[in-house]
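Order as written gives the chain letters A, B, C, D and E; numbering starts at 1 within each chain.
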Amino acid sequence: MIVEGSSLPLLSLVTFVPLVGALIIAFIPKGNERAVRWTALGAAFVSFGLSLLMLIGFDPLASGFSYVERVDWIPVFGVQYKVGVDGLGAVLVVLTTTLSWISILASFGPIKERLKEYMISFLILEVGLIGVFVALDLFLFYVFWEVVLVPMYLIIGIWGGSNRIYATIKFVLYTLVGSLLMLVAILATAYTYQAATGSWTNAFDFESLRTFAGTVGFANGLQLFAFLAFFLAFAIKVPMFPFHTWLPDAHVEAPTAGSVILAAIMLKLGAYGFIRFALPLFPDAARTFAPWIIVLSLIAIIYGAIVALVQPDLKKLIAYSSVSHMGFVTLGIFVFQEQGMQGAILQMVNHGLITGALFLLVGVIYERTHDRTIAKLGGLAGRTPVYAAAFGFFVFASVGLPGLSGFVGEFLVLVGAFTANPYVAAVATSCMILAAAYLLWMFQRLFTGELSEFLTGLGGHLTDIRPVELLTLAPLGALIVVFGLFPGLILNLVQTSVTTVLESVQGGTVAAFHVLVR
Amino acid sequence: MAIPDTIPFIGLSWNDLLFLAFAALLLGSGLLVVVMRDIIRCGLAMIVCFGALAGIYVILGAPLIAGAQVLIYIGAISVLVLFAIMLTQTKAAPVRLVFQTQAVPAAILAVILALILVLVIGATDWGAAAERLQVGTAELARILFRDFVLPFEVVSVLLLAAVIGGIYLAKRELDQGEATDRG
Amino acid sequence: MTVQDLTTIAPFVAAVLVAGALIVVDLIVPGSRRATLAISLAGLAGVAIVTLITGATPGEAFGGSYRLDALTTFLDLLFVAVVALTIVFAKDYLAARDLPLAEFAAVLIFAMSGALLISAAADLLVLFLGLELMVLPGYLLAGFAKRDALSTEGAIKYFLLGSFSSAIFLFGLAFIWGLTGSTRVDVVATELGKIVAGTAPLSAGLAMGLAFLTTGVAFKIAAVPFHYWTPDAYQGSPTPVTGYLSVGPKIGAFALILRLFVGALGPLREDWLMVIVVLATVTMTLGNLVAISQDNVKRMLAYSSIAHTGYMLVGLAAWASPHSSIAGLEGLLYYGAAYSFMNLGAFAVVAALQRRRGVSSAIETFAGLGRREPALALLMTLFLLSLTGIPPTAGFLAKAYVVLAAVEAGGPAGILAVILVLNAAVAAFYYLRVVVYMYMREGKDVPAVEKSGLLRLGLAGTAILTVLLGLYPGPLVRVVEDAARALVS
Amino acid sequence: MINSLDAYLILSALLFCIGTFGFLARRNAISMLMSIELMLNAVNLAIVAFGAFNPLLREQGSIIALIVIAVAAGEATVGLAIVIAIFRNRRTPLVDEYDAMRQ
Amino acid sequence: MPYDLLILIVPTLPLAGFAFTALFGRRLQARSGRNAASALPIGAVVVSWVAAMVVAAAALGRAEPFGEHGHSIGLWQWIPAGKFVVEAGFHVDALTACLLIVVTTIGMLVHIYSIGYMSHDPGTWRFFAYLNLFMFSMLLLVLADNFLVIFVAWELVGLSSYLLIGFWYRKRSAALASKKAFIVNRVGDVGFALGIMLIFVSLGTLNVQEVLARIGELDQPTITAIALLVFCGAAGKSAQFPLHVWLPDAMEGPTPVSALIHAATMVNAGVYLVARANPIFGHAQSAMVVVAAIGIFTAILAASIAFTQTDIKRVLAYSTLSQLGYMFAALGVGAWTAAIFHLMAHGFFKGLLFLDSGSVIHAVHEEQDMRRMGGLWRRIPITYWTTLIGSLAIAGIPPLAGFFSKDEILAEAFKNGFLVVWAIGFVVAGMTAFYMFRLMGMTFWGPSHVAPEIEPLVHESPPSMTVPLVILAIPTIFLGLVLGLPFGNSLIHTWLEPVFAETLAASGHPEAAFSLFGIDGALILASVGIATVGILVAWHFFGVELLGLRRAPRPEQVTAIAEANAATRFLYRASLNKWWFDELNDLLFIRVGGRIATACWWFDRTIVDGTVNGLGALARGLGTGLRRVQTGRVQNYALGIAIGLIVMAGSYLVIVSGR
């Protein structure tokens, strides 16, 4: 194994420690639920700690990738096990490890059935998610990408709500359609590289491919096809309009922690894929399609918000808000502006923290009421003031209140968009109103007024949020404030990544957009 | 009295006449096999058919094959088939029990296939000699044991396998009774 | 016939000897399952060893009608593994139904000997004989539960249609033989090469021969629209037999395709490419679409096996494309191996569940399996995921291999690649449906089935291979590379 | 014209089609089996004819035909065994009544 | 350096107070009572006030390090996104100082007043936490030296306003009002945000001083666009037409909140912003016209509505709207200093009036309808007298604060040639006097309509409430005299001269020295005259019992005039129904918007998701259809194979013949 820089394969450890945890859990005898819970949390926490170690040692100014590890995997085709992170990867890895242990902790109470399987699924899910963010080989990336699918499928399907089977199958099929086409594109790209260089060596290696794309460049036809295939896979994951309808179903049916990971990390996979792979490898195609993707992003932003307005189910509402918020991310990416992309990355992190927290909060109330219909809940503020306060905090974070992290990302995206095209920015900015409208309306219906009949009927079951539950929210809240005040913590980390990506695609889009508008 | 080389008036050679006769017999009995109601008669027609084919083999100058045809087909297979018929039914069935509802499309398909085949055969240059050739039995044996040893051995294995399996399947078990797992 | 001839065909001889030994021993000690098992497994191990030894020295035998090369060795080992696993999985199933193991194993090994012959055949007649030797015992195996109405029904359908297709295939062979003047594969290829080169006429008779051959072969691999026998034969057969039928004869028929279409008819590939493309497309698509609406797992797997036929044909098309990709053949072979283990594994789980008589293979049987039989459910999930093509399983790598080849070849094969992945997504639906039943539905409270050590071993073997071929494909990739190269050289 | 390869091949083709028709049209399993035998015989006729008219194939033809006859015998054995087995279960030789499995 | 620390203290203390109280206030109040919970926030604001006064004095005195152009302190690099760098920092100059005085003084008094006002509410700690949050936000707003930081504060005051309006969360109307306020504000904020983006894209910086210094580099359309976008934000926060609808509803909040936020401070933020950005507007005359037009239109619109409102706080709310309109009109006509003067004066007297109204409401046990009041002047004398002072001030009766500031606005409008603005402003001055004395009449004079069960319980408020009233009455009386004199070289002009000098010079309308004579004198006479007329008319209709002068109210005459003819009837209805703006918004955003949203959702489920599910169903359907082929009959299968064979043969023939 070739490990550059240090002798410790830190990234592999971060990635596979949860797998070790899962294996240990598999051998814990039945009935020992305490051991299962704490092993899972322990594994996630170790991975978290290691990722922090990785982050501490990370040099944001280093060009290229850090902590690179490389082993041949299928030498015949030049497929490698190659991992490494740049700023973007590092940030998302830490986000993943953070939310993973939080989610596991949040599952302690609600998950009572088949705990063992649940924790194993969850840890494998974490492996896949981290793997996606560290993989530097397209084949490896694809493997991790798909690995994510199965545990999530089980988590929704086994521990989900009443319509879970429909939701989970829809989730898997939708994702598969996109990702399988991406597989074709990956293979085609690698083959093109092989045909051009005459050797399979490094044909799946991201860095080699990027260099190739930057110097020789892939042929136009391949770029268009491969970009579209990548786009479909990523757009479904993000999800972008009109590929978003799996999301509300999946969110509604998933158990709380599943929703958290789904919203906080899973949706980032797509955006990450755009930045990491689609843009640098196929810059010409990216420029060609950028105007259309911007339009789709705008539709997602506005349309998601409008549809969120009338959702009767709490989780669905947040799901549609995710569509809207993730629209900002794709918008930021495809305006090809420094601020836009930085904002997009920041927004990815923020959305992860905020929406993750919101789903945790929904889980809190769902555990007590077994209902998420907004109309049935009402007047909670009087009975559960702390819960209301916490909810309010995250709602305003989601609204994009300045001072909290959501604002900076969104604003940077808008600045980027404005630089590219003011009208685009104007449309996107108007979402500020809609976001306030649907979120505050939800908040008003949930918490103000007199306690609803349904809730009154619950009597003593309706308790305020417990300290353990607050414990899961506290780190998220703290991070939201910290990143709101010091977004530089992230922005400085990803600066190099953003510059690198933008260098590969810069130019063109503004003009292209003007053509489209005319 | 010398038999003329060709049949008077028609101009066919005797060989050709024989061929035509056997061909007519072959096709006629073949048709009977597939259209007659009484399955036992079908079996008998099949024997006739096989016999006619043996005749054609002789005309084609392959007496060995003709012999094998008689021995194996008529001697073994047909008898086997007749036994099976006896075992499985006793009386002739009415037409609607004989033929599928799809008999008409089947006929049409068969005719189409025949047309295609005939046209193709006619259109193809088979690189054949004008005169047919005779094969001596000795030569045949030599080739059989030189170039075709492997197939010859394999056939024996195949027959062995078929017999072992066939015996097992056809063997009557003591504890008769329906037993199904429904798939 | 020389000694060298005999040593070269040693695997085939060894297989026949094992089968013979089984019969003899059964005559001496009737009904001894233990003895039968020991002899057959030891015998198969012996065959494998012989295969490895003879494989070390490639060569020809019987005047060039038998050709031992890397492809032969690879396929032979695969067949031996498949048959051994089938016997392992069948033992308990047969015992529970009072079906004799000795005849079963003997017939099965006879069938295997046919497959071994195909993998090495360099002569059309040998090919045909190998094919017949492979499928005739297959008919018998399908009807092996002879008191079971469904089993015999499946068997007779399989037999009738199989014989029909054999006749068609043979007619095609006759045409090709008559036109090229030889049964030797290399001579046929040379003669056809002349036609392609324009020095000899391309006749309608040749086209007819191709049509009959393609039809016959398409039937054997269960390509649409010649697949009709598959669901009925698979559903009716005793489950371990179904597992075997879905793998052994199919891979055998693909071996036939490699030897016949790639070896003998290779020069004409421009002509049969489009037919294969169309066949692959409709086979994948129809197999998957119909599988969606199946409620019986065996039948569903039958349709799924049809779809997998289509995927493998994509590899063939990739090779046959104008921009030929040898990776197509490699992918096909890799797919064959991966498919064998994952599909056998899946059927083994079904068989294990059906160990108790009267348990149907309806999908309801799987309801709540995750709770009832956690290990079996987990394995089944693994096999199904592999069949779906989710990494890091063998099924994924196999699909990726074939797709890579198709992408490499481009043109119609490139379109096939896209069709393939879309089909894979459709397939996910019905594979995952079983997972849904196992983990997300509650089933009746049925006591757990007994699982013998042998069964565990067999399942573990298939599972490990299913994972290993996905995670560590390097060695097998090298093997199939050699095999493919040996075929086209 | 009559005494040519084409004539024999056409004869073979016709017999093959008769067999095909029988296979498609008859309901009785044994009738279908007989139809298959007709088809195999048709193929054999073609093979022998090729051998008789093509100097290249002279020796091979007969041997192949012989082997095919043997294979046909094997097939018949297996087929009849299966027919007998199913007849025990179903008490009918009519194949179209064997439709317990469908769709 | 000590000033830097003081400046930092000013916003930080309230923030600390908020953080502490938000986290621990609940427990503290439960354990040690409400005074313990409110001590820290009040203390924080008091200390903050002291610090602010010191800073303001130094800044207005142009002491070092402030000098003429103020003093900036940098805090930390907030956003480092490539070229987009935002340095968080404060800037204090005379304008800031003026605002600091108003905000901290009124803020402190409202805090003290709230001790009494909220003494019965269980959520005292929460209330003070929110108030402190608001103080922080507002101070941040006036101190910030970066447009994006201003925007942050802009939104934060919106948040605190939201929290405080919705303080009584059990009241549905309060919850609705708070949401409405936030959302309507956001509409304006969108414009502001876009303006900020345009500033950045054009100039590459968001530092206020840099931007203002370099604004001239830009071309005219860009500046105009920036100005209008920024004004959009200002209009939202300051509730200018058509974004004025949230302010009256905001009266659902506790009255101290109305006084602090919705009268004295937050709503002035828009005026402050435009004044702060005066170089931008100075370079965009057409935008100035828009500002003036919207301002004066709002002024008369709101005044017309205030005529008929019966809720005491709503009358004051519309009055606030109207006065804010004045201020914008002033900004629009280039009367920068006058606008700020009026801002300060209005802050004090409107704050006073609102606190008074709170005292009244408190006295009559949470009754806000003036028709159930009357004759209260004897019962609550301190409240009565301070209200009277406030009313006179707003009516523009010399020498109270309102007289100086308002007259200066009118005069500037007249002299700068905005005759229409002057004319409307002149009319509005009369209207203002009328509705304020209508309020006085209905509340304090005339016969009592207080509900009988409450009547005996009416009492003057506790000292914690009355003392702030008295304190606020002092600037209401003397502010004008101090700042507005001497004519021609008033103190406020001296203070603010450096802030507006360049803009005034550029606009060509130098702020003329105000004098007692000539045109100025005439204008003063006119406006005092119209104010007097307004008071007298109110006197006539709504009755007075002042110093023994008795005049019975004449509601029947009011009705008669209202029903006199179609025109008056229409005007009366329009006023009563607030010109149907709520109905319009309800139609546009609730009904039509709701329909659109529902339609979108339908589209999402039926078309978007329907396509997805449809594809699934299609696959299933195809599968089910195709499986019919599998009849179970072997001959059917054979037929299929035969057909396949023929098709295959045909295909091959075609392929081969094509070679």
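Following the convention adopted for this analysis, contacts are C-beta pairs under 8 Å (C-beta built on N, C-alpha and C of every residue); 3 or more make two chains touch, one makes a residue touch a chain.
Bear in mind that the values here come from a model prediction, so they are computed numbers and not experimental data.
The minimum number of touch steps separating chain A from chain D is 2. Any chain bridging chain C and chain D, meaning touching each of them, is among B, E; the list is complete.
Looking at chain A and chain B, the chains that touch each of them are C, E. Chain A has the C-alpha centroid lying closest to the overall centroid of all protein C-alpha atoms shown.
Centroid distances from chain E, each centroid being the mean of CA atoms, peak for B.
Here the two chains linked by the largest count of contacting C-beta pairs are B-D.
Chain A and chain E, compared by their mean Cα positions, are separated by 38 Å. Chain centres here are Cα averages; for chain B and chain D they lie 6 Å apart.
A straight line joining the Cα centres of chain B and chain E is 103 Å long. Chain centres here are Cα means. That of chain C falls 78 Å from that of chain E. Those residues of chain B in touch with two or more other chains are numbered 100, 102, 105-106, 109, 113, 116-117, 120-121, 126-127, 147-148, 151, 155, 158, 161-162, 165-166, 168-169, 176, 178, 183. Across the assembly, chain A contributes 173 as residues in contact with two or more other chains. Among all residues of chain C, those that touch two or more other chains are 125, 129, 132, 136, 140, 143, 146-150, 156-157, 160, 164, 168, 178, 181, 203-204, 206-208, 231-232, 235-236, 299, 429.
Pairwise chain contacts present here: A-C, A-E, B-C, B-D, B-E, C-D, C-E, D-E [touch as defined]. The touching residues of chain C, counted against chain D in their complex, run 125, 128-129, 132, 136, 139-140, 143, 146-150, 152-157, 159-160, 163-164, 166-168, 170-171, 174-175, 177-178, 181-183, 231-232, 235-236, 299. Only residues 616, 619-620, 622-624, 626-627, 629-630, 632, 634, 636-638, 640-641, 643-645, 648-649, 651-653, 655-657, 659 of chain E touch chain C when the two sit together in their complex. Residue ranges on chain E touching chain D, taken from their complex, read 627-628, 630-635, 638-639, 642.
On the side of chain A, the complex with chain E involves touching residues 170, 173-174, 241-242, 244-246, 303, 306-307, 309-311, 338-339, 342-343, 379, 381-382, 385, 389, 396, 401-403, 407-408, 411-412, 414-415, 418-419, 422, 425-426, 429-430, 432-433, 436-437, 440-441, 444, 447-450, 485-488, 491-492, 495, 498-499.
Listed in rising order, the residues of chain B touching chain C in the complex are 116-117, 119-121, 123-127, 145-151, 154-155, 157-158, 160-162, 164-166, 168-169, 173, 175-183.
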